[in-house]
Structure formats: structure tokens, C-alpha cells
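One chain, subunit A, appears in both complexes that follow, with subunit B as partner in the first and subunit C in the second.
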Partner chain A sequence: MSTDLDIKVHHLTRVEGHGNIVVNMKQGVLEKARLEIVEAPRYFEAMLKGRSFHEAAIITSRICGICSLGHQITSLKATEQALGLEVSEQTVLLRKLLIHGATLQSNVLHAYFLAAPDFLGVGSVFPLVGSHPEIVKRALRMKRLANDIGDVVSGRAVHPITPVPGGFTRIPTEKELLEIRRRLIEDMVPDYLATVDTLQALAEAIPDFTRETEYISLRSDHDYALYDGDICSTDAGRVDTADYLGMTNEFIVPHSTSKHCKVSRSSYMVGALARWNNNHDKLCDTALNAAGALGLEPNCHNPYMNTIAQVVEAGHCAMDSVAIIDRLLDDGLKNERPNQEPTRYGTGIGATEVPRGVLYHEYTYDRQGRVAAANCIIPTGQNLANIDDDMKALVPEIIDRSKQDITLMLEMLVRAYDPCISCSVHMLDVQFKE
Partner chain B sequence: MKVIAVGNPLYGDDGVGAAVLARIEREHLLPDAVLVDVHTDALAVIDHFTPDGLHVIIDAAKMGEQPGRVVRFTPDEVRLRIKWDHLSLHGFGLAETFAMAESIGEMPERVVIIGVEPETIQIDRGLSDAVASAIPEVIATILAEVQRDAAEDHPRH
Partner chain C sequence: MAKPRVGIFDFTGCEGCELNQLNFEDQLLDILGHVDIVEWREAMDGQVDELDIAFVEGSLSTPECITRIHEIRRKSKVLVALGACAVQGGVNAMKNTRPIEEVREEVYGDQKYLFPTLPALPLSAVVKVDFAVRGCPMTQIEFLKVFTSLVMGKAPIEPDSAVCVECKLKENECVVDKGMICLGPITRMGCGARCPTFGQYCNGCRGLVSAPNIEGMQEILVEKGLAMDEAWKRLQLYNANQLEGVQR
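For the complex of A and B:
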């Protein structure tokens, strides 16, 4: 058995942002196993200070190109709670549709372009374009339809503009929604089932590694919680979102410009696997059938299965989008104006399940409707301590393998979390209390 | 035709594409054009490709020129000209996006990139003076491209 190991992956590829994997073992003792986050901090919260409630969501939607919609919706919810702005049922349904589109797009891209190359033993998606063009075309077709859901509902998918505090500035037409519905049924469903088949054939490439941790996600009594819900922990049970600070406990570590988090243990996991573990009973049959085919079982403690959980919930996002469109059309589309008359100026919290896990925004507004204090807690930051703990457990289990193998296993582990380092690297720069 | 902006307006001159779109929209300069802002998701450019039609992509591009310099180039030249794309989606910059579109047979014939040399790509900065004053030239270059394209004969696909 080897007793010395020294791995340094500088600037890990196929994750968003810059992170390094560092593992160091001397004479059989693991000295270091961690993901170093070296990207320069970005002061999102400071940027929000003094901005009007109309601007907050526009700014936060630009924090990150791939997480744009999640930040925007979460920001709107925080603002609406702080200002006492009620939104209509139609607004909630349209936002749920947006979240489904964004989650579907992100999950599909991660599975096909970022994770699948590992399952197929190639360095990137580009060799697949030559060897499996139909798979790449399918992935792009699914991405395009998911993107089009965003375009139809919000104006523009990546930089959405029609969702504003209190509602939407433009309501999609019945014709637009029916066209999306048709494409979901005629194109997305067969593509999704083919995706499950493709992944089923590759499932044995997913490493078998188990480490139980605390799984935290939102949970709702009504549906598979993405848009809203209480905080739900496998250790601590259900907690009101008002107590989100106690369910994150950010702290600073020397090897990361992003803060780490912990609740009941030294770390916890957020994201698709946490959602699956907490909420699989709320998934539709299409998603549950996919889970069965892909070997994803309740109380799964293998972090590599996060990618599979993403694919499973993508099926739910597709089918529930059809259900939401049906409900919107049954109720009749109403040409509502957004409710933008604040009834108070205080503090509000938004919590949303975005593709990488639960995202929190909290804003305090002054009497002029300007942001006095802001706090954003990003999913990737919440997962960092858990990734480090996984590495510490994994390395001793696979220490007999070649250094190349161990390195690949560690890279795959980090990629399974689908980290968005660009989003996570930010520092709180505004005093939180009034 | 489509005018597609790539870049993050929160990062100084990376917002040049969005600023150009805003000007075109405000002054109704291209009433028939579809204006698309893909933000930093360069891969989303593929979603907006159609077999026919002109596509003009606006992006801040480090080309080793003076800040504010406006350069028109074609996808074939992208690999050579774009050296800076760290804000891209999971490493997908324009060059990778074109390579992917090409290999699946979805690269349109009429794609033109207008690159603007940035001065500053720092968070929470507006456009630098050099890049802000280049916006009229970017717009003139787009309009010239539309004229040139209209003068050519395009087979339908």
C-alpha cells in the first residue's frame, strides 16, 4: 500500500470558476484533502447597498450567467417579503415554470457536457461530438427547449427582464405556452427517455462511494419544493426559512475565498441529491421511473449520484411544466400588472432551490425603498465543507489505486456537486443588523 | 437578422455588448432585428442560430489592441483573436461554441463578430471612457454589415 501521495489539480476543468484540488498524504497519514477556492472575492452585497427595490433583482441576476434566474427569483421573493408585496397565483405559477426551465437546462447540461465525459473516459464533451453526435444534438435540443421556456415566460432566458417585484411586466400568450407544451410532449419526453437509456448504459462508471452526511433542502407539503418551502434537514427536521442563518452558519477557512457552512455536523450537502433524499415522495412518475432505471434509491449517500438525481428531477421539471401550463390555461391568462405598492419597509428572506441547492437572499430596506443591508448564501459555498469531508473519507478508501485514478476520482467528485465557484466566492461587506 | 450580445455588464467593459443593444433598442436603429443578450452563457448563442439570416455577435475581446478599438472578424478567425473568455459557462467561450455548432452541422453561414478591446474588466465598474466612446463605431459597423449583407445574394436553406 502506498503511504505517500501528493495531488494538486490546479484550476479544475468543467466546473464554473477556479478551484484547485489538493491532497497530501505522508507515511499513511492524510495531511490535506481539500478543494481550494482561489478566485478573487466579489462583493455582491456591497453592490446592492443603496439600490432601489426595482434594481436589486436586476443586479443579482447578473451575478452569474448560468445562475441568473435563480438569483433573480430569490431576490424578488426577498424584496416582496421585505416590502409586503403580495403576488398573484398566476405570478407564482409563471415563476415555477421559469424555475423548471432553468433547472432542466442546468441539470441536462451538467449531466451531458460536464459529467458524461468522465463516464465515457474522455477529457471533454468535444470528442463526443465526433463519436456520439446524436447524443450531443439531443443535449443541445433539450437545452434549447429549456432555454425557450425562459425566453417565453421572462423575455430572455439568461438575463431575464420581465419578472419584477410584484409580478411580471409581460404575460406570455396562450399561443406561446401551447407551443412550449407541444414541444415538451413531442420533443422533450422522447429526448428525456433516451437520456435515461443513455445514462443507464453508463451507470456502472459512477463510483461506488458512500458517506452519510446531513442533507438540507427546502420541503413543501404541496409539491416537489423548488420555488418555496421550509428548510428541511435529515438531522434537524423542518425549520422555518426565517431561521436560515442557523441552518447555514457561515465561517471562514484559510484555504478558500468562499465561506464554508455547517449545521448539525462538520458539513452538509445541498443540491439535487439532498432534494431527492428529502422530497422524492413528491416527484412525478416519469421522474420516479427514471430513478428506478438509474438505480437511485431513497436515502442515497453516494455524492457521485448527485448527477443522477439531477437527471431524475429534470424529468419532473419537464412533466410539471406541462401541468403548470395546463393550469395557467385552465384558469385563463390574466393581463395583470405587477403589484409595486410597498405596504412596509423591513427585512425579507427569499429561499429557492436552484440547480446547485438552496439559495438564500435577505435584504433590509430603508424608508426610501433602498437596500440598507443584504446577505446572499450560495449553494456551492454550503457544499464546500462537505466536499472536503468527502475527500477525507474517499482518499484512504482508494489509496491503493494509481495516482492518476485517484486524481480522476477526486475530480469527478467535485464535478458531481456541479459547483459554481464564481457565485460562491463573495464576501459579506455590509453590516447585517439594522 | 439577430444582434447577440455576450458579456457581463457588472464587469466594466465586458458590458459593451449589452450597452450596444440598449442603444439600438432606445434609438430604434434596427427595427427588424432580434436583439438577444446571452450574458456570459456563450453556449446559448447556439440556441439563437438559424440556418438563414445574419448573426452579428458583440463581445469584449482581448486582442492586444488599444482599448476601445473595434474589430470585425469572422468565426474562422475567432480562435486567433479571442484570448480572453474566463467568464464563460464552464469553459465554453465563443470559440468552443462555434466548434460545437460546426461539428453538429448547425453553424450558420452568416456570422460576424464585432470585438471591442476592453480597458477594464473589473466588477462593479461601468464602461471605461475608451469603450463607451467606441459604441457609435460599433453601431456603424453593425449597420455597414447589414448593408453589405443585403447587397449579397443568399441562397435559402
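For the complex of A and C:
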């Protein structure tokens, strides 16, 4: 049995952002097992200080291209709470539709383009264009439709245009929404069912590794919580979002330009698997059937299953999008203008489930409506300590395998979290010094 | 003729421009038919020594970035900057308007020594950039134009008129007339005036035209009742590096 091991994966591929995997074992003792975050800091606080509430969401959505919609919605919610801006029911429904589109596109992108190549033994999605053209075309079709929801409702799927404090600068037309609805029913549903079939064959190759941890997500009594809810922890129960700092506890570690988090234990997990564990009772039948077919059970403690949980909830996003469009059209679309007259100037918190987990934004505004203080806590940052703990538990279990195998297992583990490293290194966590 | 060998690289930014390349769902398979993508960390494994075209996203903001962009320039025949961060420094450059030590201390406190940082620079501040695809995120139609030109061996044409031109062609109601700040009069067109078309103001993400009338722009904004310092701030959002030294 090998007792020495030295793994260094520089700039891990097929993840969003720059990270290195480093594992050292000497004479059977694990000295180091961690994901180093080497993404260049962005210093968003230097951008936000003193800027108008109209600009806050434009700036913070630039933290990350992949998660831009999630940042934008979360930022708007925090700003609206801080300034006392009420939004209409139509605004909430349109935002929920946007979150479904963004979650669907992100989860499909991750499963097909970033994770699947590992299971098919190739280095990227590109060889699959020749070997599995139907699968690649299906993935592109699903991604296109998910992005079209963003394009139609928000003007642009990456860095959306129309969502602003208090509402939307443009309301989609009935014709546009009906066309999205038609494609969801005629294209997305069969493509989704085919995706589940394809993954069923691959799901057997998912590594059998479990490590129980604390799972944290939002939870709502009304629906599968994405847009809104309380904080829900498998250890601590339900907590008001006003106490989000106590449910994150950020700290700096030298090996990461992104801060780490912990609550009840040394680490916790956020993201699709945490949502599944906390909220599977709120999923629609299409998603629950997919979970059954793919072997995803409640209280799942295998982090590799996060990719499966993403695919399961994608089914919910598709079906609930149809329900939301029906409701919008039944109520009749109203050509509302955004409500942008502040009724107060204070502090507000926004919490939203984005594809990689729960995202928090908090802003304080001065009496001119300019940012006086800001804080963002990012899902990937919350997962980093958990990834390190998983590695420490996993390496001793697989130490008998070849170095190449161990490296692949570690890469797949990190990819399963679908980390968004650009986001995690946002560096927006300060009280401005006057 | 052999297919051009293409690499895609990212520096300090949000990777939204790269994501937009994966978002060419309708054209992606055609694109892949005309080039060999041989290096792209976000989507595939592996690295290569020689490239025909490098597409580069992000601004340069650490010592390591500077080393790496020189390496990419050395191995690439053509280098294309993708998006506002690579072309102008982008939103990252806003931090350049304040002393760098102050910014570092605010974020990391007494642990700032752990993470070296530089002012955020556009690629052209360090290496020769052959062509640009502008916007935040990069404008997709412009990417397809530049890409097609390069594959056909032609030099892409860079637009140098204001966004207002395209906005008028779309017959949009003027954003300034609606009482909003709009940077369209000094911002380089090529996006089809997308934000004004969707009811939002132009925030200048595509950078300034080559001879921007900033003074005139400010006059218009003040005329509409918008405070001078607010107008200046909105100009800084994407153009902090370009405005350095410009008289207010």
C-alpha cells in the first residue's frame, strides 16, 4: 500500500474560475487535502461605495456571469427592503420565472458540459459532438430554451437588463410567454425525460462515498424555495434571514482568496443536494419521478449526488415555469412601471437560492440613496470548507488506488459541487471606513 | 487548409463572456466545424504550445496575470480581447480610482499581505491586442462577426459611431427624454442599442467612441436634472481607465 501521495492539480478544468487541488500524504498521515482558491480578487466594495441604488444590482451582477441573474435578483430584494420599495405580485412571478430559467440553464450546463465528460471518459464535451451528437444537440436545445426565458423576460440571459429596483423596465408580451410555454411543453418535457434516461445509465458510475454534514438552504411553506424563504439547517432548524451572519460566520484562510464559512460543525453544504434534503417534499411529480429513476433518496449524504439533485430540480423548474406563465396570463399582464420612490433609507437583506446554493446580499443606504455599506455571502464560499472536509475523509478511503484514479476522484468531487470560483472571490464584505 | 487552432483564456472577471460562447446554442456546432478549440480551461482539459487565435477575457490585476498574458501572446498569432474587462479594464478598474493600499486593507484588514494585487488593466496595457469584441457581457452578434472574419482571413471592422445611431434605427423613444441618464451619445455602437430597446439606459459598457464629447454629454445630463457627480460616476462604471486625467 502506498503511504506517500502528492497531488497538485493546477487550475482545475471544467469549473467556473481558478482553483488548485492540493493533497499531501506522508507515511500514511494526511498532511494536506484542500482546494486552493487562486482567483484574482475583484474588490467589489471599491466599486459600490457611494454609488446610486439604481446601479447596485448592475454592479453586483458583474461578480459572476454564470450567476448574474441570481446576484441581480438578490441585490434587488435587499435594496427594496432597505428603501421600503413594495413590488407587485406580477413582479414576483416574473422573477420566479427568471430564477427557474437560470437554474434550468445552469444545471443543464453543469450536468452535460462540465460533469458528464468524466463519466464518459473524455476531457470535454467536444468529443461527444462526434460520438454522441443526439445527446449534445439535446443539451443545446434545453440550454437554448432556458436562456430564451432569460432573454424574453429580462432582455439578456447573461447580465440581465430589465429587472430593476421596484420592478421591470419592460414587461414581456403575452405572445412571447405563450411561445415559451409551447416550447416548454413540446420540447423541454421530452428532452428532460430523455435526459433522465441518459443519466440513468451514467448514475451507476457515481462514486459511492458518504459523509454526513450540515445541510443549509432556504425553506418556504408555500413552494420549493428558490425566490424566498427562511434559512433552514439540518442541525439548527429554521432561522430568520435577518440572522444570516450567524448562519454563515465567514473567516479568512491563507490558502484561499475566498473566505470560508461554518455554523454548527467545521463545515456545511449548500446547493441542490441541500435543497433536496430540506425541501424534496415541495417538488413536483416530474422531479420526484426523476429522483426515483436516478436513485436519489431523501437524506442523501453523498456529495457526488449533487449533480443528480441538480437534474432532479431542473424538472421542477421546467414544470413550475409553465404554471407561472399560466398564472401570469390568467391574471392578465399589466404594463407596470417600476416603483422607485424610496419610503425610507436603511439596511436590507436579500436571500435567494441560486443554482449553487443560498446567496445573501445586504446593503445600507444613506439619505441620498447611495451605498454606505455592503456584504455578499456566496454559495461557493460557503461550500469550500465542506469540500476540504470531504477530501480529508475521501483520500484515506481510496488511498490504495493509483494516483491517476485518486486525482480523477478528487476532480470529480470538486466538480460535483459545481463551484463558481469567480463568485466566491467577490471580496465584498466590509463596512466602509469613513 | 487546416482549421485554425483556437484557445480561450480568462483573467480577472466574471467569465460571462466565455459563458456567452457556450450560449451560441444554435451556432455552436457550426463554429466547431470551422475551428479546432484546443485549449479552454472552463470547458475542457489540457494545454497547448501554439495557437492561431487566442480569445482572452478579463482584466489583468495580479503579478501572475502579467506573466500569463505574455505567455499567451507569445504562442498566439492573433489575440482578440473579449468583453469590457479585457478591452477597457471593465468594472474592475473602478478600484483604480482609489489608493490600492486602502482598498486592500478594507477587504482583508491586517491579512492583506496574503493576496498581492495591482490596478486592474486592460490587456492592451501589457501586450499587443489585434482585435476586440466589446460589451458587458461581450456582444454576441459582434463576436460572430469577428469570428467569421478571422476564419475567412479578413480583418474585422470595428464600429466607431455612438449607440444613439443604432437606437434611432430601432425607432426607440430617446432615453434622455424619458428622464433617465443615458451614456449612448458617447458609447461605441455594435450592440444594437440593446439596453435602451429593453427600457433601460445605456451604461457605457462597450467603451467610449474614439473622440467622445464628454463635456457635451455631461451638459445633457445636467440639463435633465441629474447631478454632475452622479453623471461622472456612471461614466466611471466601465470607463475608469479611459477617464483618468480627463478634466471634469
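Everything that follows uses one rule, which is that the second predicted complex is superposed on the first by the 428 of 434 C-alpha atoms of A that agree within 3 Å, B and C clash if a C-alpha of one lies under 4 Å from a C-alpha of the other, contacts with A are read in each partner's own complex, and residues count from 1 in each chain.
Criterion: contacts are C-beta pairs under 8 Å (C-beta built on N, C-alpha and C of every residue); 3 or more make two chains touch, one makes a residue touch a chain.
Here the structure is a predicted model, which means the values were calculated and not measured.
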Specify the outcome, clash or fit, for subunit B and subunit C once both structures are aligned onto subunit A. clash
With the two complexes superposed on chain A, say which partner A:140 touches: subunit B (first), subunit C (second), both, or neither. both
Given the touch rule stated above, what does A:50 touch, subunit B (first), subunit C (second), both, or neither? second
On the A-aligned overlay, A:320 touches which partner chain: subunit B = first, subunit C = second, or both, or neither? neither
By the touch definition at the top of the document, which applies to A:113: first (subunit B), second (subunit C), both, or neither? both
Quick check on the superposed pair: does A:252 touch subunit B, subunit C, both, or neither? Answer first, second, both or neither. second
Looking at A:228 after the superposition, I want to know if it touches subunit B, subunit C, both of them or none. Which is it: first, second, both, neither? neither
Would you mind checking which one, subunit B or subunit C, touches more residues on subunit A? C
If we overlay the two complexes on their shared chain A, which of subunit B and subunit C does A:80 touch? Say first, second, both or neither. neither
Once both complexes are aligned on A, which of 19-27, 109-117 or 217-225 in subunit C overlaps with subunit B? 19-27
Which subunit A residues lie in the overlap of the subunit B contact set and the subunit C contact set? 13-16, 42-43, 46-47, 59, 62-66, 68, 109, 113-114, 125-126, 129, 136-137, 140, 143-144, 147, 156-159, 422
What does subunit A use to touch subunit C in their complex? 11, 13-17, 38, 40-43, 45-47, 50-52, 55, 58-59, 62-66, 68, 109, 113-114, 117, 123-126, 129, 136-137, 140-141, 143-144, 147, 155-159, 161-162, 164, 168-170, 252, 254, 257, 422, 427, 429-430, 432-433
Subunit B residues touching subunit A - in the complex, by the definition given at the top: 8-10, 18, 36-41, 43-44, 46-47, 87, 89-91, 96, 99-100, 103-104, 106, 123-124
Where on subunit C is subunit A touching in the complex? 11-20, 22-23, 25-26, 28-29, 32, 37, 40-46, 61-62, 64-65, 90-92, 94-95, 97-98, 103-104, 106-108, 111, 114-115, 117, 136-137, 194-195, 197-200, 203, 230, 233-234, 237
In the complex, subunit A touches subunit B at residues 13-16, 42-43, 46-47, 59, 62-66, 68, 109, 113-114, 125-126, 129-130, 133, 136-137, 140, 143-144, 147-148, 156-159, 422
